[in-house]
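Below you'll find the structure I mean.
Per-chain numbering from 1; labels A, B, C and D assigned in written order.
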Amino acid sequence: MTRDRTTPQDWWSTAIIDMQPGMIRYRGYAVEELIGRVSFAAMVYLLTRGELPDPAAARLLEAALVAAVDHGPQAPSIAAARMAITCGVGINNAMASAINMLGDVHGGAGEQCVRFYHAIAARMDDGRLPLAEAVAAEMAALAGQGTRHVPGFGHRFHPRDPRAPRLLELVDAAAAAGAVSGRFAAIARAVEARLAADKGRPIPMNIDGATGVVFAELGFAPELCRGLFVLSRSVGALAHAFEELNSGERNKGPIPRHLIWTYTGPPPRALTEEKK
Amino acid sequence: MTRDRTTPQDWWSTAIIDMQPGMIRYRGYAVEELIGRVSFAAMVYLLTRGELPDPAAARLLEAALVAAVDHGPQAPSIAAARMAITCGVGINNAMASAINMLGDVHGGAGEQCVRFYHAIAARMDDGRLPLAEAVAAEMAALAGQGTRHVPGFGHRFHPRDPRAPRLLELVDAAAAAGAVSGRFAAIARAVEARLAADKGRPIPMNIDGATGVVFAELGFAPELCRGLFVLSRSVGALAHAFEELNSGERNKGPIPRHLIWTYTGPPPRALTEEKK
Amino acid sequence: MTRDRTTPQDWWSTAIIDMQPGMIRYRGYAVEELIGRVSFAAMVYLLTRGELPDPAAARLLEAALVAAVDHGPQAPSIAAARMAITCGVGINNAMASAINMLGDVHGGAGEQCVRFYHAIAARMDDGRLPLAEAVAAEMAALAGQGTRHVPGFGHRFHPRDPRAPRLLELVDAAAAAGAVSGRFAAIARAVEARLAADKGRPIPMNIDGATGVVFAELGFAPELCRGLFVLSRSVGALAHAFEELNSGERNKGPIPRHLIWTYTGPPPRALTEEKK
Amino acid sequence: MTRDRTTPQDWWSTAIIDMQPGMIRYRGYAVEELIGRVSFAAMVYLLTRGELPDPAAARLLEAALVAAVDHGPQAPSIAAARMAITCGVGINNAMASAINMLGDVHGGAGEQCVRFYHAIAARMDDGRLPLAEAVAAEMAALAGQGTRHVPGFGHRFHPRDPRAPRLLELVDAAAAAGAVSGRFAAIARAVEARLAADKGRPIPMNIDGATGVVFAELGFAPELCRGLFVLSRSVGALAHAFEELNSGERNKGPIPRHLIWTYTGPPPRALTEEKK
């Protein structure tokens, strides 16, 4: 087998980083040239995309990263970071506990939303449908798969998510300046309009729908969108872990101890015989 | 007990985020005012410190975050992210796997280094020792505790870490402009000089020693320093996880399959009787 | 909303455990009656299924749990546990790192295999197909979905997995004694026969195929099958983490440092302008 | 350097498992001989200790593993498993989230308790102190280090932990049969007596104090004790994750949404200038 003749050096290969003693290059650039000259957001772009962004793209990415840093200790991820710290693990373990919960349901909406926008775009490009029809067709397809929520729209807590309009405003400005196409902003707004018409009440774009527009405009692959959300939310996880660490609480569960939980199982019963 | 009368609302409390339906404020600032107006690094500062940094502080923090994004798949954390992705978990789980490994030995040197710098500063302030004597005293104390490596100095792979001099150059510039005191840069250089004199060869500052200078100059608590390193390295974890995802590899272990490992245990033996 | 009127006690509810100060009951049984009277495997069954198993079922479950404890440090999960320990995290964090990798590709084959057996059984029951035809139809369906490997059959390393025949032998004995139906053993053997006929060479049942037979005979839901594998493999993760801890190694990556990796990215290039 | 000449095979070495195509041996025993003949608890012992336990030791270990499986969703670990499942991650990721929280404060008491028992034993052996004096000396040493809780004694919820007396009863029976020395049971009871005398009220042995007696009698190293607790609690994590999975809840935080949390930070304030 080919695999069996693989040498250990070949086993791990990467186009991200080249390293020799005394030398570190990311995507070809020497680390010492990057430090102090590119923003953290530009570095995120370089490592994940292979090239440095132009300044307008870097600013848009930065805005999206800023927007999603935290949604408070009522989110499972942030609660996990706080609970973990009170259990006596390291701050990195607490952050990992938070991030580990950003799964399909909690952190995955951005990724799903970008796939949804791409599918609409594909109906326009390949199917030659006009925008409104492409949106209607893709929403029907989603409903046909039994998906109850359109990813990126509506929020259980916020009737109107304050982060979305501000992000769209920045995309519009970038589109006006020719930095991005503005196509995905138009798609997202068409989805919003269609949803309002279908439901008879607004189901406004949420943080995932809006960062999804940014990421799609910038050309990020859907899988990276969840990763970008993770980077952003890691900031909140760190801040909450550190705040909890300073509280000195120990072994703190989700609710006050005297409340515990509701038990719904069988009533007390005896073990009649040895079961080994 | 006081605890028992805690209401569920009091159970989680935070000064980081305030939220009402339609409203999100971080440290008092409305999220929609922050988006597009503060950098991602400034947002990290705001959430962890409570106030927005001045521009010079934000740029220094940004430089440190840029510097530590990746050290390749030979680092346990990055290898873990890549291995995890080939196991079929989500990209957030792969990133969590990486971050979960940034413990005392892998990610903790920055935190330990800042504590070390603080201890030297305390010997200068409280003990009224001059810099060189404070360094010598603290290094002796470290050696007395059996610590073999001075945290933040020397590197197993890089004879001279290319990231450190560039970061110190930026700290010097900020100190010259009056943005930071430059005190911790001086402490770190005195440690470097003392180490070279003691060992008879250079043991240069590494990434942890240099980001430790940045973080100490900016006033970050030691525990946050590991957290900032985690944020930075998360970028590498994401990039490597995504690259591995695109490779299509499945269930990939640390070394090629035909090499396996060395077995050092007992020779084959028979189980002579049932052991239940 | 109903949800909004939920009290904190109702927020978490469980049929698994009831607790009052001084009293702990699992599924109705007082913990002090269970300790020393039921096996660890029986406890696993009680907590996950709601009832204590009969002794034959407990023995079969125990055999499956014993079978999957370890597959060595070349498995991503076990390598992760060892690497994590050298990074200075707690032994629980190292075990979590291992378990976190037992995703769809690494730990999920048992779950997929039980679903596959159930689908064949459904074709026999609902579709009234004889065994061989049900197997052929379900394998065709699997191939039609683009699945290249039949879950539970074939192994990249073992031409014949030594764990599978022994487990099947125990299932046969339990079926002969009337403790289980033996139906899923028959299904698995029919799959094995069909695979050999299709490929012209044996693709024997592996550990996942064999534990899948045990779990399906015992009536475990597919999702629990991955969980049972996790419990089993956690033993190996613990043993390897502890062995590595005793080695005293620090910050140990997947391959020796001098081998590093292959770099496949762009050649060295200069950063021509500031990108902030 | 010696390390640099390490071959990839030498990089990972283990005395736990030997493997060749078609052959798997744990500590020298062929896996197919172990399956169906040793209990799961005996397998835990073999992998972590290197030898199979005698039947009395296996039964004691099994009792300790049975005793600690679950303490309900008010424990951070179990809450984490349940919350993680509602976020859409795999059942292994949910279990890892639970286990990752079993740190020094939540899961570490058993390990700390065994170290404490060993320290008392050392004062008897090396310091030639009688039991009561060795206990008093070690408790004074603990208090001198600022440790407020004696690990393994007292419980925030249970005035009397129902698991402890039953485990001690089994240790006593094993000691009477000559299977264990009973020394650590005597030490633990002397600690309990001393605590009651010091505090003027009972501070009874808890689950960690009692499993600590079992593990110390069986000769487990302290670090393994946390690992054994992790194995045990993983059963509860699995059961709760599966129960929550069947509830169909999505993205479920620690408390009902309308309760959220208390905000203690700065009042609303405006961002006066761009901060980039």
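Note that in this section contacts are C-beta pairs under 8 Å (C-beta built on N, C-alpha and C of every residue); 3 or more make two chains touch, one makes a residue touch a chain.
The model shown is predicted, which means the values in this text are computed figures rather than measured ones.
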With chain centres defined as mean CA positions, report which chain is farthest from subunit D.
A
Give me the superposition rotation angle from subunit B to subunit C, based on Cα atoms, as a multiple of 5 degrees.
180
Does the subunit A and subunit D pair touch with the same residues on each side or with different residues, judged by whether over half of the numbers are shared?
same
Please work out the Cα centroid separation of subunit A and subunit D, and write it as a whole number of Å.
34
Just the number, please: Cα centre separation of subunit A and subunit B in whole Å.
22
Which whole number of Å gives the spacing of the CA centres of subunit A and subunit C?
28
Contacts with 2+ other chains: residues of subunit D
8, 11-12, 14-17, 19, 30, 34, 38-39, 72-74, 79, 89-90, 92-93, 96-97, 100-104, 107-108, 157, 254-257, 259-261
Subunit A residues within the subunit B interface of the complex:
3-4, 6-8, 11-12, 14-17, 19, 21-24, 26, 30-32, 34-36, 38-41, 43-44, 47-48, 59, 62-63, 65-67, 69-74, 79, 82, 90-93, 95-97, 99-104, 107-108, 157-163, 165-167, 169-170, 221, 223-224, 226-228, 230-231, 234-236, 238-243, 245, 255-259
Help me check something: in the complex, which residues belonging to subunit C touch subunit A?
8-19, 25, 27-30, 33-34, 37-39, 42, 50, 52-53, 55, 58, 89-90, 92-93, 100, 254-256, 259-271, 274-276
In their complex, what parts of subunit A are in touch with subunit D?
8, 72-77, 79-80, 83-84, 86-89, 93, 96-97, 100-108, 156-157, 250-255, 257, 259-261
